[in-house]
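Structure first, then comments.
The chains carry the letters A, B, C and D, assigned in the order they are written, with residues numbered from 1 in each.
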Amino acid sequence: MSFSKKRIPKIIQELYNKYKDHDEGTLPTYIPELSRVDPKHFSIAVVTLDGDVFTAGEDAQTFTIQSMVKPFLYGITLEKLGPEAVLEKVGVEPTGDAFNTIKLLPKSNRPYNPMVNAGAIAISNLIPGNDYHDRIVIVKEALEQMAASPLGFDISVYTSEKTMGHHNRAMAYLMLKFGILTGNPEEILESYFQACSFLVTVKDLAVMAATLANKGTNPISQTQIIQPKNVKDIICVMMTCGMYDFAGEWAYTVGIPAKSGVSGGIFGVVPGRMGIAVYSPPLDESGTSIRGIKVFQEMAQMMDLSIF
Amino acid sequence: MSFSKKRIPKIIQELYNKYKDHDEGTLPTYIPELSRVDPKHFSIAVVTLDGDVFTAGEDAQTFTIQSMVKPFLYGITLEKLGPEAVLEKVGVEPTGDAFNTIKLLPKSNRPYNPMVNAGAIAISNLIPGNDYHDRIVIVKEALEQMAASPLGFDISVYTSEKTMGHHNRAMAYLMLKFGILTGNPEEILESYFQACSFLVTVKDLAVMAATLANKGTNPISQTQIIQPKNVKDIICVMMTCGMYDFAGEWAYTVGIPAKSGVSGGIFGVVPGRMGIAVYSPPLDESGTSIRGIKVFQEMAQMMDLSIF
Amino acid sequence: MSFSKKRIPKIIQELYNKYKDHDEGTLPTYIPELSRVDPKHFSIAVVTLDGDVFTAGEDAQTFTIQSMVKPFLYGITLEKLGPEAVLEKVGVEPTGDAFNTIKLLPKSNRPYNPMVNAGAIAISNLIPGNDYHDRIVIVKEALEQMAASPLGFDISVYTSEKTMGHHNRAMAYLMLKFGILTGNPEEILESYFQACSFLVTVKDLAVMAATLANKGTNPISQTQIIQPKNVKDIICVMMTCGMYDFAGEWAYTVGIPAKSGVSGGIFGVVPGRMGIAVYSPPLDESGTSIRGIKVFQEMAQMMDLSIF
Amino acid sequence: MSFSKKRIPKIIQELYNKYKDHDEGTLPTYIPELSRVDPKHFSIAVVTLDGDVFTAGEDAQTFTIQSMVKPFLYGITLEKLGPEAVLEKVGVEPTGDAFNTIKLLPKSNRPYNPMVNAGAIAISNLIPGNDYHDRIVIVKEALEQMAASPLGFDISVYTSEKTMGHHNRAMAYLMLKFGILTGNPEEILESYFQACSFLVTVKDLAVMAATLANKGTNPISQTQIIQPKNVKDIICVMMTCGMYDFAGEWAYTVGIPAKSGVSGGIFGVVPGRMGIAVYSPPLDESGTSIRGIKVFQEMAQMMDLSIF
């Protein structure tokens, strides 16, 4: 590596300062909890593979993990069922569409990939357990192992999502019709909405990302949590599908496998080097954190992080 | 009218004989009740505006009204709320798609028209009443007035539809998201599934059709049931949207405003002249009774019934 | 008929006066000729089946026939080749889309109907003749017989259309690929652009419409120009497809088989009663004359002209 | 690198032997030249960054470069105009659709990316020159520099493509309408069809791939041909869009930026390590060489070549 990790703190502090007062973007309004956060929140974290943690900004601020949980739900099912069983229910193709696309793959009627909502719902259906209580225990444990930290839960966001999640409900019934979902859709959605409502900080996310960057071994706890071959699959799907209809431009201008969430977080995995996370709530019109994109673009350039 | 109604019995008997042994088509399999009917069932009825009833075949055979209830649900809301209130929630445009199209109108997110499933569900939401019990009482009364006859109810079909209606459920949640539906989607679907499960004979359907052909006055009971201006709207929407993606070819080869149902019935309205119904369960791949189409095409030709 | 034709002159004069100063809508800008017409032009014509001609406004004003030529091109091919041969290349289904839809029918790859551009181009390919010169002679003769009048040609509009018609050219090559078009696409487009560039007045259009309303016999010249069965097919396709994605609402609020053109004309066929034409250049966003729509809606109401 | 290049000859010879008699797949039929090649042709080449060349099978066999020219056309425009000017006319988003998708990006009406036909045609329009002759001289020179070898031209394939390329012609006129193309579409298509008709061997392709893997410096000629930053953009777009609607599964099972062509070739770029090419004409239904996919999947596994 031509780049010394000693420069990281300086770089992220510079980027924090540069974008601190940037106020473009809007808060999501579909649930009240997300529309009421302070748009000024801004934090950056980098975790290297030898476990060094660097942060800038309000790094203690928690936020719901939202869609950023999708790669980990996918990982849980890869570990528990193996890739073939998962591929039978969810594809690995980019959609060219938004996160809530209602489009399913021709012929198989599977969701396109585990990063769109439909795919993550189908993945939730695959997590073993007798009911959604069993499933959420598995998810919680996995996420906390990835973060090497206990994680809180936002009951209020969860309740709102559940009440407002009609689009996801529509997708669930469509997949039930096609036999992609089995069982009670409300129970499955429950698991999905719960998984999205865990609370994380940028540091948590960066540790989780670093665990993927480190072939599944958490650089803090030094525990192997996901097998390397499954990590490879997760990173691959994040690269091709993680940023939805922005995936191409993200690959082009950043080149880091990443996942964004509507709460304003983005985390990125630089294989063999580091995990990165940014938190800033105001979103662009495709639902991605605006300062998040900018920080990633500049970091990728400054530290030559693109996988291409 | 250049055509004497005395010829009707002969014509329908001839058509009955001609197609009696025709066995093309398949039964729907999505619910067991529809897949188990006798495919040989075949009956034709014509009711003129002065109340003459002509039938051929097993005219006592009942079957569920299914989508053929849609024009009447639409009529009920036109009567109770007026066309403007209805148009606010459901459009009047053909879709070019199948009955279960998931497509909604651009901008307004309304269903395209009251004849596709999504539209009929939105229409069900507009029928007044505190709950689905209130609503079904209104529907039952209206249908029986149209048929001038009490109508049975197929509890078994209803239960099956309710259990299997995931696609309709998906549509309902999508419309809930867009504010087209208000209230509990399961309650609204309940009303819709119930409305589809009333039992009719070809004679019932032909009387209902004749009531529309007679500007809303039932030719048997001589009661005005729907106002003429609303009848005009119903007939218009039947013409442009009643046969789904087959609408253009139906207009071209038959030219009679009509509605088909998955149970194998089709009824047609010849304004100022007669109502016609055919029942034969085997369907073509777009879900329309094959003998039904043939009988309508020939009758239209023989009696010059096209409105064009 | 409960309506005396003596009232016609009064009604159209009233409507002319009512909308004379209405200035909503915009001129099309894709070719300079259409963007430079005087938006104040406004004329109305009605021709009854016994050949009475009533007009209001600047009835001598000519304009290019544009898409209003499509029903007649369709008619020419029905007469020359028969409906089966035409149906093999062009469907009769509404699209639910705009006039320039790039969508073709599944499986057959035919254009949806003869009223969308793709369909009219395919129809142009069917007009017999060795080259576009032969074809335009046939078209000109047919149009003049329909109008019972010689028709001028706007060479400047024609040249512009030809230069700017890239979308139509794209459709033509797509159809060539699928074997729907045969021969040289530029030659076929030539015929189509030429056919659109004939000059008409509202009176000409109303006579043409009245000829269709009169089962193909021109009420002025008393010549049979199209066979009744072909007239029926033309009227049917006008009803279901003539107003593109506005077809449903037009059927609902007007109920008269009609065709609009981007030059600002609309003509309507009231079978057994009359032909109607309105000319007013400013268009709504779907490309239809705004005053044209209003006049048709009110006339249909006042004279009970809806076919439903 | 944990992998010794000494193993390469053995590996590719093993894979050649393993699949030599595999005969799945069909030849393309849209032009006679491609349908008449010998389906048994099969060759594999690997070129390392220090210029070692390894081949297996009939490595002297030439075939037309077809869509595999697209990354290089893209590279030429990046070099000559810079990425901003190119991005203005062609996006970098995956489509989720097939190579000949007619879909353009919302709002901008640009083709989705330089790897679909529409994108490559728009790219062809950007290659500088007064006419198609000027342009093809530039393309030829660039390709030969990439291959470090003179390249032949298949005049017969070129003529056929030109005669049959109606779909591409349709796309060209559509883009002309939207101002994405400027100038004479036939001239632009000429350049595109010509570029697709150069003849290569697997060795040529593997050298071209190795040049990309080596940041733009040809490992044979040691000449810098494309700037590293432009190489990065090419590789990125190949990864996200190079395999069309198969991109996700390719990333997942192979993980090597690659491009396929309808002639049966595939080349892949393993950054910092090697260029790979396989040639075998029989295609799967999405138009990709079947043995090509298999060989890449196994090589990626055996030599751990995935970038993920």
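Please note the rule applied: a contact is a pair of C-beta atoms (placed from the backbone, for glycine too) under 8 Å apart; a residue touches a chain by one contact, two chains touch by 3 or more.
Predicted model, so just to flag it, every value in this text is computed and none were measured.
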Pick out the pair in B-C, A-B or A-D whose interface repeats that of C-D, meaning over half of the contact pairs match by residue number. A-B
Centre-to-centre distance between subunit B and subunit A (centres being mean Cα positions), rounded to whole Å: 48
Interchain centroid distance [CA atoms averaged], subunit A/subunit D, Å: 33
Cα centroid separation between subunit A and subunit C, in whole Å? 55
Once you draw an edge for every pair of touching chains, what topology comes out, line, ring, star, complete or other? ring
Can you check the complex and tell me which residues of subunit C touch subunit D? 102, 166-167, 169-174, 176-177
Across the complex, what residues on subunit B touch subunit C? 91-97, 103, 112-113, 232-233, 235-237, 239-241, 245-249, 251-252, 255, 257, 271, 306-308
